[in-house]
Every structure is written in structure tokens, then in C-alpha cells.
Amino acid sequence: MSIPVKLEAFEGPLDLLLHLIDKNKINIYDIPIVVITEQYLEYIKQMEAKNLEIMSEFLVMAATLINIKSKMLLPVEVTEEEEEVDPRQELVERLLEYKMYKYISEELKDKQLDASKVMFKPPTIPPEIAGYKEDINVEGLLSDLTLAKLHEIFKSIVKKQADKIDPIRSKFGKIEKEEINLSAKLIQIQEYGILHKIFYFRSLLEAQNTKMEIIVTFLGILELIKIGRIKIEQENRTDDIKITYLATDIIQMEEVGF
Amino acid sequence: MEIKQVEAQIEAILFTMGEAVEIERIAGAVDHDEETTRKIIHNMMDRYQSEERGIHIIELDGAVQLCTKPSLYESIIKITHIPKKHVLTDVLLETLSIIAYKQPITKLQIEAIRGVKSDHAVNKLVEYNLICEMGRMDAPGRPILFGTTEEFLRCFGLQSLDSLPVMNPEKIEDFKIEAEEEAQLKLDI
Amino acid sequence: MEIKQVEAQIEAILFTMGEAVEIERIAGAVDHDEETTRKIIHNMMDRYQSEERGIHIIELDGAVQLCTKPSLYESIIKITHIPKKHVLTDVLLETLSIIAYKQPITKLQIEAIRGVKSDHAVNKLVEYNLICEMGRMDAPGRPILFGTTEEFLRCFGLQSLDSLPVMNPEKIEDFKIEAEEEAQLKLDI
């Protein structure tokens, strides 16, 4: 299928869906969900995933379409009381509402064009009059306001802010940037390997001081497995991992294009 | 005669103020009650409209403002450079129409209708003074409610929100019936 | 008929321009020679004068300008002196409470707490003399710090700001507990 229109041109998942419905010359109430889903997914594939947030919105719609598709493939269970509900119903309603606002915004656009032809005049209040400062009756303004009420308002704002704070993530400490070099760590592991030949994963990790070092060490092990310099064995799932160093020398990671 | 004088006062007031003035305030300045003042102003509006005049009075949500007639735009731009107004993109227009019809509405509700995040659009519309905060919703997190401004009415040539293009329930119903008929038609073939 | 339309064009031009416009320029915009244009304008001037109108055209050195008639000066003074309706909206109350408890505070900090632009609210509160500038923050751009005014204290019958303590995080916790106790107390009654 050819993709004549850039996906970025669509304002959102509903917009794309409307475009497909329009392009296929089908009625909104009669969406051939299988065809549309395929075309929709095809569009998403073409999408440059530059903006994850936008991408995810399109994906949610894709998931909705697939969900409807799967529901339609399943035999419909009709209970006595409820009528058979077309799984497309909710989507159709959303699309219809969205379409309505698109239609209205076109009308508004015309109105704006007309209204933009009207000219206004800036105020020309003589300076001696403009200089007049109106006395604002502050007491009257505050007549309904008590200190307690003001306090109440502030508390609700503070509470709202507290609600906004992610209770888990906000407790994460600052990530200290440590200069732990993976290449250096790899050499260290290899040195350790030459020395011990056979060693255990846990004992290797225990030798590490920080969380970051442990992570880098783990990455180093994975890398060494990949290039075939070590072999690992594990009897049971929670057992310690036995590592056998297969080589007799130390390789600089730059040599293997790391 | 008396009325003529009041009309002259009102014209002078509107000319000087330039911006929209609440009818209530005008009433205070011309020493008449609000209802009488409104009638006088409506009378003036009709006359400005029917006579071959260059200016007329528009009404914006209980306030009135003097402005030129749109038909004279061509002559005006011949003599003066008119600063460009904000160009509203389709995204902004779409968001604005949702707010106009559903106000007061929260950002989340807008996003539910559009199916996309709308922070940028809402912020831009606030910046252009087309929408503003209307208070908070009595719901968890007390989200901000948005609604349209007087500037919105002015920019779209609307007297009040009642003059928004109509999308009444019957029209929507028509829309549906039409669509259903179309669907039926297809099945018949 | 034709003349009427030219007159409308001239009225619209003068209204939009506000200032004095050379008759020569007007002639160019309405597609007539200067002499004819001048005649039409003089005609308009007479009519504005004789009719009971709020505005008229004055001529200054080959240029003409639209302005209000001097006799209506009183009405204009009156309208500018009629107080507008002032109300503390939710938005204003919210902003005021933040400033009261967090002062001195910058607009940016207020916006960070509220999650929305707050220019309008801050300006209004300054206009109402409930808050004022307290100096500048020693930070890039040297932003203005706002705090409450003496008027604010007086209105609430406060001796000083000490009776309105600045809230720090521990205090907020205390406040929460207090509030709960108060609520309990109320229930007990």
C-alpha cells in the first residue's frame, strides 16, 4: 500500500482514522474494522518515532482497533437481558463527536475571516481624565473573605501539589554520575578470569563497591559471553552462576569494535 | 430631542473608550436605567446598520463597542497598514471550538475528545487571550476549568456564546439519520 | 448614493486611524481627486455638526480628524469615573493565598505552584492594592518579588505578617494535623 500522506500531517489518532474512513469512502457507522486496522497500522509503521508521546497516542488507537477487531472475530454471546452491542459503537461515538468539532472549527474559521475585517480604535481618553485613579474599595472586595478561608485555599493548593508528586519516584535519590568505564571494567574482569579460571558471579559482584559498578560488571559479563570469552553455567534458577574463563589472554575491547 | 442627546453621549463615550463598555456602566454615565439604555443602544445599532455609515456598534456579552463595517475593509487597508492578527492553526481552531461549546472544560476533557495531548494548544489559546481560566473543577486535583473570553467573541464576530454556529441536538440527530440511511443504502445494493 | 458610500469609507478610515489624516491621502484611498474629497468631507463636517451626534470632524492644516464633541466632555468624565465591578475570582483568591503564605515570591514561582500563567491575576491584585513589589530577586533577570500590602493586613485585622506565618514543609505537616483535629472538633460539636 502506498502512503501518500505524511503521518505528521495528522493531528491525532482520531484525525488519522477519519482520513482513512474518508479515503475508503465508507460510512462512519459501517467501518470495516479489519481493513481500517491494517491501513492504520501501516501508517504507524511509517511514522518516524521521534516523539514518543505522540507515537503512543497513535498506538493506543491501534490497540483499540485491534481490540475491536478481535471482539468481532469472537462469537457474540448474547445474554437475555442485554442486547448485542456492536464493539464499534464507542469508537463511532468518539469519531462522530470529533468530526462534529472539526466541522465547527471550519465554520469558526470562516467567521474569523469575516470578523478580521472589522477595525477597532484604541482608546483616546484625554490624559487628564485617564489619569484619574479609581478608588477601589478593598474592604468591600474582601468582605466575604476570612483569614480562615484564605488559609483553606492555600492548604488545598498545597495538597494539590502534594498529590502531583509521584510518591515513588520523588524518593529516588540523585543519580551520582560516576566515571565507570566499561572497557576498563572488561579488562578487570578478564584479569580476574585469568587469575581464577573458574569463578562465581556473586563473588565477582561482591567485589564491586557501588550499584553502578555492579551494573557495569554485569554488562561486562554479558559482553564477554557474546564474544565467546567466557562460558556460564547455572544448575537451578536461583543458584549462583558459575563462570569459566575460556581464553588465556586479555583482549582490548576496542579490538573487537566495542 | 432628549433621546438624541443621550445617543450623542453614547456615541462619544464609545468613541473615546475604544474598547467594549458594559451597558450597565453606560447607563450610569447617561443617567438612565439599564433597560432604557439598552433599548436606546439597540435603536442606534439598527440605525448605524441601515444608514450608509462607516462605523457601527457591535454587542459582546452585555458590552458594546464601536467598530468599522467589514465591507469597508478594502478602503481602510489602502490607507493604513493593518497588523496581522494571530493565525490560528487547525489544531488551535479545533481545540478552541471544543472549549467554546463545552465550557467550562478541563484540559483532560479536551484531550479525551481530541485523543491527543493538548497542553500546547491550550497554552497558546491562553496566550492569545482567546480562552482563560474560569475556576477549578470540584474534583480530585481540582483541575482548572477553561472558557472563552470577550476577545474570542470579538475575533469571531459573535454577540455572545448563544450565537455560536449551531450544533443542536436535532441537527446531530439528522446527521445520524442521514448516516444510517447511507449505510442502509449500501446494504440494499 | 455613490457619495454616501464614499462618506462611509471616509468615516471608517478616520475612525480606524484615530489621528489626523491628510485629505490628499484620503482622496487616494477613496479613488477621488483631492478637491472632490475635500468637498465631500466638508459636507460631512456640516452634517456631523448639525445633527445631534457625539463625534465630529475637525480640520487641522489640510488634515482631518474624528473626535468627540467638546460639549460631551462631562459624559466621558462620568464614564471613566464609574467604578467597574470588582470581584475576587477563584483565580485571584488562589493567587493571593499563595503570595500571602509564600512571600516574597516571584511570578514564575507562583506559576510553578499554580501550573498556569498568572500575569493577569498578579496584575489585578496589584491594581487592588492587595499585593505589591517587595524588591528584586538576586537571580538571572532579577525577577520582581511580590508580597502582601499593609492594606491587606489592615483588611484582615492583622498586626503584622508574623500572624500569617510562612509555611515550610514541616509546618505544612503540622497544618494538616491541625486541620484534621479541627475537623474532628467540629464533628464533636
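Should a chain be cited, it is by its letter among A, B and C, assigned in written order, with residues numbered from 1 in that chain.
Note that in this section a contact is a pair of C-beta atoms (placed from the backbone, for glycine too) under 8 Å apart; a residue touches a chain by one contact, two chains touch by 3 or more.
Computed from a predicted model, the values in this text were never measured in an experiment.
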Pair joined by more contacting C-beta pairs (A-C or A-B): A-B
Most centrally placed chain, judged by C-alpha centres: B
Maximum centroid distance from subunit C, chain identifier (CA atoms): A
Whole-Å gap separating subunit B and subunit C, where each centre is the average of the chain's CA atoms: 20
Centre distance in Å when subunit A and subunit C are each reduced to the mean of their C-alpha atoms: 41
Separation of mean Cα positions, subunit B and subunit A [Å, integer]: 36
For subunit C, residues contacting two or more additional chains: 12, 15-16, 67, 76, 84, 94
For subunit A, residues contacting two or more additional chains: 119-122, 124-125
Of all residues in subunit B, those that touch subunit C in their complex: 1, 4-5, 7-17, 21-22, 25-26, 28-30, 52-55, 66, 68-69, 72, 75-76, 78-80, 123, 126-127, 132-133, 135-136, 144
Parts of subunit A lying in touch with subunit B, wherever the complex brings them together: 11-15, 27-30, 53-54, 57, 61, 94, 96-98, 100-109, 111-112, 114-125, 156, 160, 163-164
Subunit C residues touching subunit A - in the complex, by the definition given at the top: 12, 15-16, 18, 67, 76-77, 80-81, 83-84, 86-88, 93-94, 96-98, 100-101, 113-114, 127-130, 151, 155-156, 158, 164, 167, 172, 175-176, 179
Of all residues in subunit A, those that touch subunit C in their complex: 119-122, 124-126, 129-130, 132, 134-139, 141-142, 144-145, 147, 150-151, 153-155, 157-158, 161
Residues of subunit B that touch subunit A when the two form their complex: 15-19, 58, 65-71, 73, 76, 82, 85, 88, 90-91, 93-94, 96-98, 100-101, 113-117, 140-142, 154-158, 164-165, 167, 172, 175-176, 179-180, 182-183, 186
